[in-house]
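Below are two complexes that have chain A in common, paired first with chain B and then with chain C.
Moving on, here comes the complex of A and B:
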């Protein structure tokens, strides 16, 4: 956040509002990931349905951020730090919206899993979910504090997440080979793990946009090796 | 001012091997009005065929600096200028410099359009005539046509060259003044808030014109409109309290300035 205020106070208020909207979105996304994971662990279809329903709020917030950004670009013609803050907010809102979609996907697959008697290794998923949530929380806290130092740490964490995802994928393969009756359930779990891994990527994107906002630099593209399988 | 600071100020813009020679190179330029210093040790290179925008709050010295470049400050009582501005290998601030010759090489366009109370033709022809740039009427006619063409005004006025320049619209008058300035084939065109009296359409025409003129001339523009500086210039220099705070590529200055004062000014946070 820019520390000192604009001569035109309403401009500062609009920038603050943007930060507030991002924070609100972030809170909803964190809750969605936690709830989706809980729903999976407890086989709680009601909670899963609530996660799916709540994704609409995240989508609406993203639309509000976009509208607010367009309005500010048109009316304020922002420059320098303001311009970067506004552009970063637009991109961060996009990342959060995608992260919210992944949480919704997890909830949808949970509903399907709850209809079959067998479920695969849920604890591995819960662990991955915790890692990703912690990562996202750290990045969002840094965003609110305007602290760009988180970016490097976030990249390192993302590598750990990727490794955990790969490990989980192997574990699920073993399950399926041992007991083909778990294939349907485990395939859903593979996708759920992939969704979580992708949320980690978006958290890293957010950290990179934060670096752009604060320092005006684009970090070099990282070519992180994605885990097997893909779902966008 | 201590010597050490002087040498510091002289350093930043010294030519590096890969940068072409600037059209204008200012070093240690200090200006004071009746003992009150208005510019402190300005060191600034104006690159050839580029548009350099000078920005900063009122009283920051940007117009004072602009007026140094064609010695307009000479006419102000009590104004003392020191340092050097090199154009064509000569220090134009030197007392021996021929100011008439200088003002042929460095043209100026002002805030308010100020055509002479003469015909459109005479407005353009006056300068080339007194500088002896045309040998006969045909050559003068050509200079008038080319200048008006370059200023984007020819099509609008070619059938009424004998009518008074003051009868044109504000935007046309300003383009007439630009045509007048470029008629004597200057190296540099200085513009002091050239669009502040114009509507957005006329402003857009002038900005488009500035972009075209860049091919032939080196342009220095003072503007209060940050958006205008961002739109028309390739290099931007930010002045504050008589100091040159930061100079750099326009894109860099407006997206990621180095100095917090520059950021504060262009984002509207100046206290």
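Moving on, here comes the complex of A and C:
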């Protein structure tokens, strides 16, 4: 085999390895969101603890992606699409790591909620969780398929998530007002809802990075930390 | 001038340009935090609106850093320390952009708080804001000086910020319990406090990226989305 072909083949293998690591991270994050939500619904502290523990794996994968990216940039000196793919992977890994942190945060708050008998409306949380998980899965599938068209669809989906979050936020406020003994529990649930909504934002970020990778374009409006406009 | 020296000089100029952009972003973020806090304290909606508007500049600077980084990676194919400096700058710009978003979020919530006469304990927020701003400035000064020793100090500082945030969170809960008519306002203030605490986390991330840049080491514990441990 000529050396050039060998180098190209080996470079492709490294790019594939990057995609595999991102897919693996995505799988762990999806599981973390689902498990954290189940732990909340079933008041299952053991499961919540496992979610917290499992976040290490996600963090380690992100560190591996980061190291792999730096190595590829140094040794391969990639150009154009390859370079964008590598830079996008670095950013997407960062988004997944944050999403994993939010799932861990939900698990931590579940542990606190389980310490007292008072509980709030968990079915709204479970619905929001499902919407966000579906959105994240769609974006990750698109990433694996290299399909940038999903980005616009994902943005529309994020608006639905934001609206659901607003409804849940208002519902939680009414619980607190009707029965002040629920204030501490409901405040934790307000944060859990916010964590889910933020995971949706990170899914949108991933979609935007995919557009950058495939088309070399930055989508105009950068997705900001969702303002209170979505919950007031 | 020999060509090699010219290339090196021009590369150094590009690295300097990167540092200048980060410093400029940092200055805007510091101003946004200070202005958002002043807007809250003085119930100044005009100032809050200016903070929201000014966030575009921070977003644009981040996009410029990103583009500059991709260009440098493509054209310069940097190695070792230079590569780490460039990758660290990309991540630090991301952290500053998030910190700017949090300041914008505080401004948005201030606008909502100003719509009703009810208000909560703003002095605690102002204190927390000052602590976080001082922490961010210290980290950015260290970044400009290339001083990685600040990282450990910054982590210790972040623990003080977390403790102050916990105190404020508890204080806000008692306000809500004592007077349920303050629940909506205090919930926004709970988020404002959380936003400030998150800015502290991003300052810590910047410190960690500085350590990576200077020493090529990742600090062991990745800073996670602060768990409820810090506020329960």
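By definition in this document, the second predicted complex is superposed on the first by the 215 of 232 C-alpha atoms of A that agree within 3 Å, B and C clash if a C-alpha of one lies under 4 Å from a C-alpha of the other, contacts with A are read in each partner's own complex, and residues count from 1 in each chain.
Here is the rule we use: a residue touches a chain if its C-beta (ideal position, glycine included) is under 8 Å from a C-beta of that chain, and two chains touch if they have at least 3 such contacts.
Since the structure is predicted, the reported quantities are computational estimates derived from the model, not experimental observations.
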First (chain B), second (chain C), both or neither touched by A:101: second
First, second, both or neither for A:79, with chain B first and chain C second: both
Contacts of A:184 with chain B and chain C, given as first, second, both or neither: second
First (chain B), second (chain C), both or neither touched by A:109: second
Greater residue coverage of chain A in the superposed arrangement, chain B or chain C: C
Which of chain B and chain C A:63 touches, first, second, both or neither: second
Which superposed partner A:176 touches (first chain B, second chain C, both, neither): second
Which superposed partner A:123 touches (first chain B, second chain C, both, neither): neither
Overlap of chain C and chain B interfaces on chain A (superposed complexes): 77, 79-80, 83-84
Chain B residues touching chain A - in the complex, by the definition given at the top: 226-227, 230, 253-257, 262-264, 266-271
Chain B-touching residues of chain A, taken from the complex the two chains share: 2, 4-8, 11, 77-84, 216-217
Contacting residues of chain C [partner chain A, same complex]: 55, 59, 62-63, 66, 69-70, 73-74, 77-80, 83-84, 87, 90-91, 94, 97-98, 101-102, 104-105, 108-109, 112, 173, 176-177, 180, 183-184, 187-188, 190-191, 194-195, 218, 222, 224-229, 232
